[in-house]
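For reference, the structure I am asking about is given below.
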Amino acid sequence: MVKRKVLTVSTRKRVDVLDITESARLFVEEIGAEAGLLNVFVPHTTAGVILNEAEAGLLEDLKELLERLVPELHPYAHNKIDNNAHAHLRTILLGSSVVIPVEAGRLSLGTWQRILLIESDGPRSRHVILTYVGL
Amino acid sequence: MVKRKVLTVSTRKRVDVLDITESARLFVEEIGAEAGLLNVFVPHTTAGVILNEAEAGLLEDLKELLERLVPELHPYAHNKIDNNAHAHLRTILLGSSVVIPVEAGRLSLGTWQRILLIESDGPRSRHVILTYVGL
Amino acid sequence: MVKRKVLTVSTRKRVDVLDITESARLFVEEIGAEAGLLNVFVPHTTAGVILNEAEAGLLEDLKELLERLVPELHPYAHNKIDNNAHAHLRTILLGSSVVIPVEAGRLSLGTWQRILLIESDGPRSRHVILTYVGL
């Protein structure tokens, strides 16, 4: 069985984090997924997706880390084209998709794991492609 | 065919690396996997999984790199909740799963590629979920 | 349906970026992939694969970022074995595979997303394993 759903979400700030776990959870429940893998894919180059805890302090720490490793203000070559090189580079470090096991209609996420879309060049409308492959 | 196995492993130090390649290799052999994909998933937020060489010097270099990019001692906001923000952030940079091709009952790993669980907040008992989807 | 193809590509410089999107696009078209997932896997420890824009300035920015975060000249322990610790560490940060949704024979990539092999220890011949799982 292969099932697919495209979510449309709106980020609210230049740098933002959206917890999309509930949408993914509902999707695997609705399609009656018995056992397989869910791919959560962000078809953009300045927003990515990760798995981790959605605690407010930690998300501030993540933003600070990304600014420290990949500062917004820097003489990037790409900024002659479009003023968002830092957003591309941060997305490269974070990644554009995650793959999560599914069993008996439920995501096999750990207690603290949440699916987090990381916006680095918002606010914008963003797509997320959910693809399930399995039984 | 979808097959799943949950491994339980024990990390031995605060920061540790466990080579879990052999367990994954045995799993795809035991289930008679002919052709497909293996997902190796760590359902935790302070331990991740990568693919690379398991040479002792390189693993020391990796620990030093992570300490340099994401130092343990830093005024993280998350540390008001739990004193392990660095472990979450390192895990975000490394990732929580890898996906490996399988052919004729064997992982298609390169000569030097090993599946490495990276513990950033141990020692602890950790789970690893192996999920095979294919023929 | 599971289909697999191994590409052989040649990198041209010590640090290089190869856009392999077209090969992946042709593969999913040729096999008549209707709906599923494509795994693009690099079976090496000093070259990885990412998704992002292939704009020349951005690729220079990426090389500069990797040199800033993981400098080539540094007293790495692994360099007693082989003088390429930085290449291993950069590959760990970037990752060794990407997973892309496929629908109606087409990769569901965003407008600017390209599949980029990132060479950190070239020039060399490199393999890329394409694995499709789906209908």
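Should a chain be cited, it is by its letter among A, B and C, assigned in written order, with residues numbered from 1 in that chain.
Throughout what follows, a residue touches a chain if its C-beta (ideal position, glycine included) is under 8 Å from a C-beta of that chain, and two chains touch if they have at least 3 such contacts.
Bear in mind that the values here come from a model prediction, so they are computed numbers and not experimental data.
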*Over half of interface residue numbers shared between chain A and chain B means same, under half means different, so which is it?*
different
*Roughly how big is the turn, in degrees to the nearest 5, that lines up chain A with chain C by CA atoms?*
120
*Chain centre separation in whole Å, for chain B relative to chain A (CA means)*: 20
*Of all the residues in chain B, which ones touch at least 2 other chains?*
37, 69, 93, 95, 99, 133
*Spell out the part of chain B that touches chain C in their complex, as residue ranges.*
34-37, 50-53, 55-58, 60-62, 65, 69, 93-95, 98-101, 103, 108-110, 112-113, 133-135
*Enumerate the contact residues on chain A facing chain C in the complex.*
2, 4, 37, 39, 41-45, 69-70, 76-81, 85, 88-89, 91-93, 95-97, 99, 127, 129, 131, 133
